[in-house]
Amino acid sequence: MANLGDFRRVADDVRNWGRWGDADELGTLNFITAETRRRAASTVRTGEAYTLGIPLSLKGPQDGTGVPGRINPVRTMLGINVSMGGPEAAAYNDDIVVMPLQAATHWDALSHVSFRGVLYNGAPADSVTTAGASFGGIDAVGPLVSRGLLLDLPRHLGLERLPGGFEVTRALLEECEEAQGERAETGDIVLVRTGHIQLLHAGDVHGYHRPTPGLGIDTTLWFSEREVAAVATDTIAFELLPSTCPEIVLPVHVLCLVEMGLLQGQNWDLEALAAACAADRRYTFFLDATPEPFAMATGSPVSPLALR
Amino acid sequence: MANLGDFRRVADDVRNWGRWGDADELGTLNFITAETRRRAASTVRTGEAYTLGIPLSLKGPQDGTGVPGRINPVRTMLGINVSMGGPEAAAYNDDIVVMPLQAATHWDALSHVSFRGVLYNGAPADSVTTAGASFGGIDAVGPLVSRGLLLDLPRHLGLERLPGGFEVTRALLEECEEAQGERAETGDIVLVRTGHIQLLHAGDVHGYHRPTPGLGIDTTLWFSEREVAAVATDTIAFELLPSTCPEIVLPVHVLCLVEMGLLQGQNWDLEALAAACAADRRYTFFLDATPEPFAMATGSPVSPLALR
Amino acid sequence: MANLGDFRRVADDVRNWGRWGDADELGTLNFITAETRRRAASTVRTGEAYTLGIPLSLKGPQDGTGVPGRINPVRTMLGINVSMGGPEAAAYNDDIVVMPLQAATHWDALSHVSFRGVLYNGAPADSVTTAGASFGGIDAVGPLVSRGLLLDLPRHLGLERLPGGFEVTRALLEECEEAQGERAETGDIVLVRTGHIQLLHAGDVHGYHRPTPGLGIDTTLWFSEREVAAVATDTIAFELLPSTCPEIVLPVHVLCLVEMGLLQGQNWDLEALAAACAADRRYTFFLDATPEPFAMATGSPVSPLALR
Amino acid sequence: MANLGDFRRVADDVRNWGRWGDADELGTLNFITAETRRRAASTVRTGEAYTLGIPLSLKGPQDGTGVPGRINPVRTMLGINVSMGGPEAAAYNDDIVVMPLQAATHWDALSHVSFRGVLYNGAPADSVTTAGASFGGIDAVGPLVSRGLLLDLPRHLGLERLPGGFEVTRALLEECEEAQGERAETGDIVLVRTGHIQLLHAGDVHGYHRPTPGLGIDTTLWFSEREVAAVATDTIAFELLPSTCPEIVLPVHVLCLVEMGLLQGQNWDLEALAAACAADRRYTFFLDATPEPFAMATGSPVSPLALR
């Protein structure tokens, strides 16, 4: 449990403003270098591939209780077997979608959250207008490739999944890491499995929303010390919800996005990957989670690929 | 140049129906195995990363002359610095987009084109309804990772870019491959550079549309012989447009998607990658081009990542 | 209560195919003439005006249980106080919406429903393609202006509103009409009030969906005899739901749209108008319910205006 | 011709702030009373009806050169002949649209334009947020019904249409009014025909955009003196474009929307109505132009109905 005072102390501790220059928009992605990526590729042993994105459809995780307008993707056909010409001509099928960029498996861009009038690195919150984010847009990210490290918390605890309202602490991350036997390194993308997405797979969209297990405030200290590049989870909220710091509503969002400049991923499906990792007890892998380059967007769908 | 008779002979030659079973929806992706992916990862030398997607915005390649309704992406803000609660609360920014799935850098799914009432593998064209494609949807693809091979045609020919209307032939692909010194292998994803996307970068959206340089009919024979898994280009049409087989309008689409079951990629930006390849004369690399898992969609945006 | 046999007898009775020619797309709107409209205008006494459309917003009547993709309208800002130029320049605000055409207060076009492969007048169901309805599109309607007649059923019955599952019968329509003292005439637009929309106003979106009170099969005989031009209600389903003829699912839709060629309106808010009519016991009025001219659409939002 | 000084003098002259109370959001719609509407209905002689909306489709007036994101409406099918159940069941057709609210025939709400940080009545410009307009939204309007008065300028001048760049002056409005023989009265909705929409009908979308004929600054003095309730035209810009007061870019927008609180209509098709008016020389009629009640929107499509 944490309170507003804890939040402030942690914020002061993890803040990265100015660390990579006053104009920096990459934050902890600066921990990823060409060498990091090269080593990430070298972790591939068998070539087994796992996609971590959930299906994009009307049956997605949105239930109308979150951000107003965050609907599930509505895809329709622009044409069905429309002839391109005469009797011999080919015919096309084509589709169009309406979707919030944070509707399903996605990255929050650093511009996704502001706090006390500022974004990461102290950039003014009004960098975001109807034109989008002129600072911290998802298109600033470019390639997002590194070594992935899965922390499979429910398996470590002997649970099918963490219960709603379960706070993931720094201590638990460390315990799990040690038990798994592979240590987080500079530039890693850490995937924190709670198993909560099982509710979504079972059709319990409302249960998936609240309460959720999730990251507590002090986990950001660990992310900071280990120089993690980005973190993703298998819940809709990323952090514990309701949080232990209700004044701020989403304190871990502020700590990651605003203070650290660390990208957050939500609604990542880690179930199949986790089963594979457990089977041969290898919890690190090559991970490509390059976002779609939406210009000036505050987030993006992503179709993450893990290769072992 | 080719005519309808040529088209038919080529179609008979490259057709893969039944090759991987009557229910197969993967087509030439079957050439990719775990071993293929493992070897792809082993090509990484320096860790340099290149994203091949063009920015997703109103300034995209659509000009209203193609498929009706294929607009450029329209992204708007669901909220700008909206407070989540009281005076201490964080604030969110969030966005929503309307976009055709084939608007920018994308894969055509095998269900994108039908010919004489059938899709790939002889599946009925009416597998596609307003619900989407129950056969050959992009969500059938899963991970799309392999070795990439760039064929840099303009550099080989000493041109800045291939001119509009230039037909890329099988002979040219073979020449370029030989000159570059690396041979296409089973399961490779071949990226055919024409340089035509320079027009888009220069703001000439109409010129980017027509005429385009592109793949001619006989290139599919080469794709077939080399057991290529997928092919992408830096043009909007993939193939030569206007085509040499106007009765069919898009004959190479039919050959790839319907006859072979080979995924096509369009609007891939190969400029920076090509410069890097030319610099050290290494034309193969690790490539992740996993599509977004739109359920039952006939195509998908993709944010391809090349790692060298 | 009715069964499939009743449905067939009624269908044979009310069918208008060929009545106004084999190419007719207007159906019972043919009952409205310039003279009808002139007399409608002459009913205006006081100039009191009532709008019958519900607000278009995320808080609309859709709850995700109806037609897949029928979301509530999502409106976002294209620009907020965007300067048009230099320091003296005006600034604009501008918005864009995504909405199903039948999401809120709307007309079903005659092409909205097909039955056994045909639309109204025997037109083939495949007149509707991804391009829209080449027969019976809402844009065929043009001006939709006539005298309106309100049948205020709950007031007649001394109820606040009709309960869910209440079948409105022909006998009840006739009783109410007689009690109110004004008789339906050729070309009238009949507004059938159930009061059910009170649930929507109270925020009970799910209750608004099912069960609903609504029109039973035999009411169409009365619409037919009186030569009514169009009918609208204050429910989401128009007809009784669940219906008494479950094989057909929506039998009154078939009778009105396919057999008679009679436009149906749903989600019309009749509360304020009904109070005014009750106050001075005048139940007829001028009504303009011209649809938005969406080309080839199978329905349209409408902002109906009643003038007394 | 006018300059910035003229603009300021006119602004001071026509300003209605506080006239109907400090909280007023209706502006000159306050000129319309029940009596105005009653008299409007009494102008109906023959019952001829004219709709003034242009078709809503991809072939609309937007050409990508205006407000970013103002596309033409994209309508797609949510379902085509989708069976509702078993073998006897009816089947539905249903559609969804993406459209800017000001894409075609529309009203600008009073919140559409701000000037020097304020909206009409001095309301703060930041009344408009991503939630929409909390002041001056189109949903504040309610019924918009009155007598219409057509000023048929090209017919008066013996032209097919006014040429691009033609400034409509107060003097011309007065001349035309006098020649037509019917005087604008308090509460009238004035329809100013230029004939420019003929370019759109002829497919010249670009020509329709610029240059346009349109209202000059001094016409607002006449609107003010005559106590006109609202004004609509058959151009995309309403006012002369390029304007004679380029510092402000759209000075007449500021004068009407911000200073007077007068609703503006654009892209109204007055061709058929004008021919009818000319035939019997009656230029006044009943007009219903009630907007769609989009909650907090800064404009709305409208399907205006004129009844003579």
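In order of appearance the chains are A, B, C and D, and numbering begins at 1 in each one.
The definition used in the following text is that a contact is a pair of C-beta atoms (placed from the backbone, for glycine too) under 8 Å apart; a residue touches a chain by one contact, two chains touch by 3 or more.
Not measured: the values here are computed from a predicted model.
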Mutual neighbours - chains that touch subunit C and subunit D alike: A, B
Interface sides of subunit B and subunit C: same vs different residues, half threshold: same
Centre-to-centre distance between subunit C and subunit B (centres being mean Cα positions), rounded to whole Å: 46
Euclidean distance of C-alpha centroids - subunit A vs subunit C, Å: 45
For subunit D, residues that touch 2 or more chains besides their own: 68-69, 71, 74, 76-80, 82, 96, 98, 129-131
Touching residues on subunit D, where the partner in the complex is subunit A: 68, 74, 76-78, 80, 96, 98, 130-131
For the subunit A and subunit B complex, residues of the former touching the latter: 4, 33-42, 44-51, 53-57, 59, 67-71, 73, 75-82, 84-86, 88-102, 111-115, 125-126, 128-130, 132-133, 139, 142-143, 145, 246-251, 253-254, 258, 286, 288, 290-299, 301-303, 305, 307
